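In what follows, chain A forms one complex with chain B and a second complex with chain C.
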Partner chain A sequence: MSIEGALRYYLGTGIGKGVLRFERLRNEWRLRHRAPKTSSPFSPPLSTSPWLKELISRHYLTGRYADAHRKVAWVTSGAPVEFLKALGYYLLYPENHGAVCGIRRRGEELCQAAEEAGYSRDICSYARTDLGSLLSGRTPVGRLPKPDLLLCCTNICQTVLFWYRVLAAHFRVPLVIIDTPFIYSTAPAHAVDFVQRQLELGVETAERVAGRSIDPAELERVTRRSREAVELWMRVLERARHVPAPITAFDEFIHMGPIVEMRGDRATVDYYRALLATLDLRIARGTGALKQERIRLIWDNLPIWYRMRGLSELLARHGATLVASTYTNAWGELAALIDPSDPMRSAARVYLHPILNRGTGHKLDTIQRLATDYAAHGVILHSDRSCKPYSVGQMDQRERLSARGIPALLLEADHNDPRAFADEQAENRIQAFLEMIPS
Partner chain B sequence: MSTLERLQSIAQNPARVAERWKADGGKVLGYRCLYLPEEIIWAAGMLPYPLYGTPEPVGLADAYFQSCTCEFIRNLFDHALSDRLAFLDGLALSNTCDVVRRLYDMWSRHVPATPVYLVNNPQKLLGEANRDYFMEELRRFRARMEEIAGREITDDGLRDAIALHNRTRALLRELYALREQDPPPLTGAEALEICMAVTVLPADHADGLLTELLAELRGRQVEPSDGPRILVTGSMLDHPALIRMVEEEGGVVVIDDLCNTSRTFWHRVEDDPDPLTALYRFLNSRALCACMHPVEARIEHVLELVDTYRVDAAIDFNLKYCHPFLYEAPLLKERLEAEDIPVTVLEVGHDLSGHGQLRTRIQAFIEMVSV
Partner chain C sequence: MNAAGIGVDAGSTVVKACAVTAAGSRIWQHVELTEPRLEEQARRIAALAREQAGAAPLVATGYGRKLVAGAERAITEITCHARGVFAELGSGGTVVDIGGQDSKVISVGADGSVRNFAMNDKCAAGTGRFLEVTAARLRLAVEEIGAMALAAAEEVPISSTCAVFAESEIVSLIARGAALEAIVRGLHRSLVARLASLVRSLGIVEPVALSGGVARNPAIAAFLAEALGCEVKLPEAPQLMGAYGAALLALD
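Now for the complex of A and B:
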């Protein structure tokens, strides 16, 4: 890491941050002063939205220059990252980058680039988006920093193991794998020991790559902030239990960026605190995210990134919205397991328990609980062609939910590859489903 | 009937072996895949029975698994739902891919008559960081097998089972060594059927047949062929049709690297005073499947096969929707091509559909590598 690199890093991020702050202030001003569209079924955007945009853009801006001055790790979304944060790594989440590409409608083109290089169309569209971006050098965020280290935790799927070793072969950098045994009920002690042991080995590798050793006090601080952020996130989600819901899962899909990518940062805690206050204000005023909320739905699985707006508008036309999702919930439900006074043990436990590392029965229970807690009228199960651990079991879940009086729709799509989504058909099915719901 | 023909007829209807074993009063324990030791099942007095599918379109399982999931697994689940596996006293699965994990879920809910158990093996093999964990998983598996069998598994029983299965593995290695010859005395399609038969037979019975078979093949006269020597790789290929097709088009399939053939017997269990430790080391060294890590070990293994069997070209039969192998295909292809071994990657359906098109591609590939 040279002086020139440091200069580039501080200059680049410094100027960029100034620009982003200016944009945020301008956007905030506009939000406050522009008259809301009366024809829209939605309330005006959440007043913290410009802040969120600044936060996420700043993250990618830092990423652009990061490899000139800092160690960079590419990590999976379910990975225990606290120790990397404590070692000063800049973290890039290929899955989130994939989502950004999806939202900006670049998913298809990047998937195709990967397919041309021999990757099957049947593998996860996040992986294809990422590999396509890598091989073609194209990304909507300007530039991705090269990793010094890869961290892959199989607690979301095994796909990431297969995907990350392609990355390891490409970048020729150390790959730390946290191999998490599957959990059907709760984790047995030998599984927790095993994950902890791997974490300890992972720390050694990360220290070697960073050329410094971890400061236990810093690790504890990061873990504490992680927990704080996760708790706040859970409270944000729970605000949607209120009728009408002040925030929808569509909003949450965007607002979850920091909890995934910047968990453990001070800024994330600050942001969610502000968001919570905004929601409380909405509740106090009786403002819902939807002006006329009639049907409340639960969403299962990843969002369909490239059709978020279309779907939310379609639902809104029927007075329907998503009030909770198993996906956004996954980032909050484990808060109680995080213990800052014993970061390694608690990380081992926490990172064994994500919804995707557990049996389908657990997911069914979660959906049912959400349906009750959020006073939902029905469930949309997004059958995501890409994501087997999330999707296999949904047909069964649909039957069981219906048997318990909760109408459920299986919606076939893919989270990042629009070629697997038939607009008209989906629209008809959703419409028919909504008409069937008594409210 | 020659020994070869007997084995082939078993491969064509493996369930008969299980049914006969049952008729004699034994218990049958089905399993998939490579990362649980059949020795433990055998030492419990049960028949370890690897599940094979049949080349049919998926039926009942389509109500439980989306159509973009592994056809092999859906086919097995079809068998279970249509009572074709009613002879099983239990099913043991190893932790290989996302779909197998979900098969565990679906099986425990919808096939309650057959208890299912998951050996939650680590996926990162080699090195001993996983030792305490994996050993505990094996202890639990042993206890569960004792429960199902209703009898204790002794260390001596395990040692005997290890010795017995090592003998079978050694005989299969001998059989495969014959394929190094030019021309090999058996075809690739025959080798696949032999492997399938041997894996379902009781090991003590298989040994006798294999010994006879080896004698039979050593005396066999085969026509020389100038076709390219082909390596076949992939995940599961539980039907000889594709390999036969390669051979009909002039390829000489000299070695296969599949979940149901050479991967099952390539390694042997090394001696250790504690038989469970011996089994742990055995499984932990078996980094031969794309589900496992490090994948480099697997690729090195394929490169070694290329050397030993003087392979001219490789065909990667990628079972449709089989993720582990789909991700690996470009890596493997690159490595083999760097060694001047041409590779074709063919996505194949488990139900043998679309074979006309496959034949054309295989034909073109064989032609290309023959010049």
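Now for the complex of A and C:
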């Protein structure tokens, strides 16, 4: 790392952070002074939204200059990142970058760029977006830093294994693989041992790349902040149990950025604490995210990033909204397993238990529990062409939920590739489903 | 006439309209092919309904439901077909609606409400379009192929449920000298196989009834009954069930 690199890093991020802070203050002022739209079915945006925007923009801004001065790791969304944070790595999540591309409607062109290079359309659209961005050099966030290390954990799918091998060959950097055996209920001790051993080997590689040893006190601090953020995130989600819900799953899909990308950071803890206070204020005032909430729904699977607004407005026209989702819940439900006093063992346990690494029966129980806890009238099961591990079993889940008196709709789409989504048919299904729910 | 409710079903292939009395009996109906300028067409048909049947609340349904000016409500075909068939047959059960562009299987409760439904995927398999495309390839009128399929002495299996693949399968069957009647019978069997799996995915609750324009094809009801192993009922005017249901919903 050169002096010139350090200068570029501190100058670039310093000026950028100043600009972002100015934008946040301006947006906050506008939010306070702008007259709310009376025709909108939604309440005004959450007052912390400009802060969230600053937080996420700052993360990508840092990324732009990161490889000039810091070690960079690209990681999967469910990867155990605390040891990398403790070693001072800047972390980039290609899946989150994929979601940003999806929201900004850039998913299709980047998927096509990957397809032109020979990647099949049957591959996950996050992987295609990422590889397409890599090959074409196009990204809506300015620039992505080159990785010094790749960390791939198979607790979300097997696609990541092949995706990261492609990245390793492309960047010629070490790849750490954490293989998490599939579990049905709770992980047996030998599975935890197996993952812990891989983590220890991963730490050795990360130390070698970083050129320094891990400080156990720092690892404990990062793990404690991770736990704090995850607990706060869970409390944020649980506020939507209130009728009317002060926050919807559509809001949560955006607000989950920090818990995925900046788990273990002080700023993430501060942000969720402020968000929680805002939601409590809404509850005290009886303000719902939707002005007239009539139908409460649970969402299963990833969001349809490029149609979030359209879907949210379509539901709102019928007085419906999403009050919880298995997806946002996945980043909160494991808080109790995180033990800062034993970071490696607890990481092995935590990262074995995500919803996608467990049996479909567990997912069914989770959906049913959410439906009860959040007083939901029905469930939308997004059958995601790109995410097979999340979508497998949904036919049976729909039937079993219906048999238990919870209406469920199977909605075919894709989280990042709009070519696999038919607006008119989706709208027809959703409207028919809402007509079916007695109110 | 003294209509109490009007329903307009602006479908992808055909626009249907219907008016009912306060007691729910059909007193007026109108059917015409969907025109490219659907908005204008819907306005004209709504005016026609009011002129000929009397002014009454109007409910729109079908893919063009949002384009029907002056409609009190726009309700999906799923809810409307369920309501129409329920009123016609007097009981709940399973409604199989085969439309021009999509097919739906609807589970109807004892009170006429929709309990559950399943639709075809984003393709023409299992819909009227499948028959239109394949009949056109054989240079046959879509109205005559049902009777032809029933009368055929032989049948050749068509493995494709996809309209595009079925078309190329037909080309190779013709090249091999297969009889036209046998191909037509095979095509119907293929369409019904797709529908039957859609019905089974929802669970068969008898009675099973057909609705939608394609239900007028006699081979569909016969083959579906065979595939499901139960009787398949046919309303008097299957094509009108969506508009009829919409008109009944306008009474609420």
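Following the convention adopted for this analysis, the second predicted complex is superposed on the first by the 439 of 439 C-alpha atoms of A that agree within 3 Å, B and C clash if a C-alpha of one lies under 4 Å from a C-alpha of the other, contacts with A are read in each partner's own complex, and residues count from 1 in each chain.
Going forward, contacts are C-beta pairs under 8 Å (C-beta built on N, C-alpha and C of every residue); 3 or more make two chains touch, one makes a residue touch a chain.
Quick caveat: nothing in here was measured; it's all calculated off a predicted structure.
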Checklist entry - Where does A:Thr372 make contact in the superposed view: on chain B (first), on chain C (second), on both, or on neither? => result neither
Item to check | Which superposed partner A:Gly118 touches (first chain B, second chain C, both, neither) | outcome: first
Checklist entry - Looking at the overlay, what does A:Pro181 touch: chain B (first), chain C (second), both, or neither? => result first
Checklist entry - First (chain B), second (chain C), both or neither: which does A:Gln292 touch? => result neither
Checklist entry - Of the partners chain B and chain C, which touch A:Met395 in the superposed model: first, second, both, neither? => result both
Next on the checklist: With both complexes overlaid on chain A, does A:Gly359 touch chain B (first), chain C (second), both or neither?
Outcome noted: first
Next on the checklist: For A:Arg165 in the superposed arrangement: first (chain B), second (chain C), both or neither?
Outcome noted: first
Item to check | Set of chain A residues, in rising order, touched by both chain B and chain C | outcome: 395
Checklist entry - chain B touches which residues of chain A in the complex? => result 117-120, 122-124, 127, 154, 157-159, 161-163, 165-166, 169, 177, 179, 181-182, 184, 190-191, 193-194, 197-198, 201, 359-361, 383, 385, 388-389, 391-396
Checklist outcome for this item: So, in the complex, the side of chain A touching chain C is made of residues 395, 399, 402, 407, 410, 412, 422, 424-425, 428-429, 431-432, 435-436, 438
Item to check | Complex contacts: residues of chain B adjacent to chain A | outcome: 63-66, 68-69, 95, 97-99, 101-102, 104-106, 109-110, 118, 120, 122-124, 129-130, 132-133, 136-137, 290-291, 293-295, 318, 320-321, 323-324, 326-331, 333, 345, 347
Checklist outcome for this item: Touching chain A in the complex, chain C uses residues 63, 75-79, 102, 113-119, 121-122, 201, 203
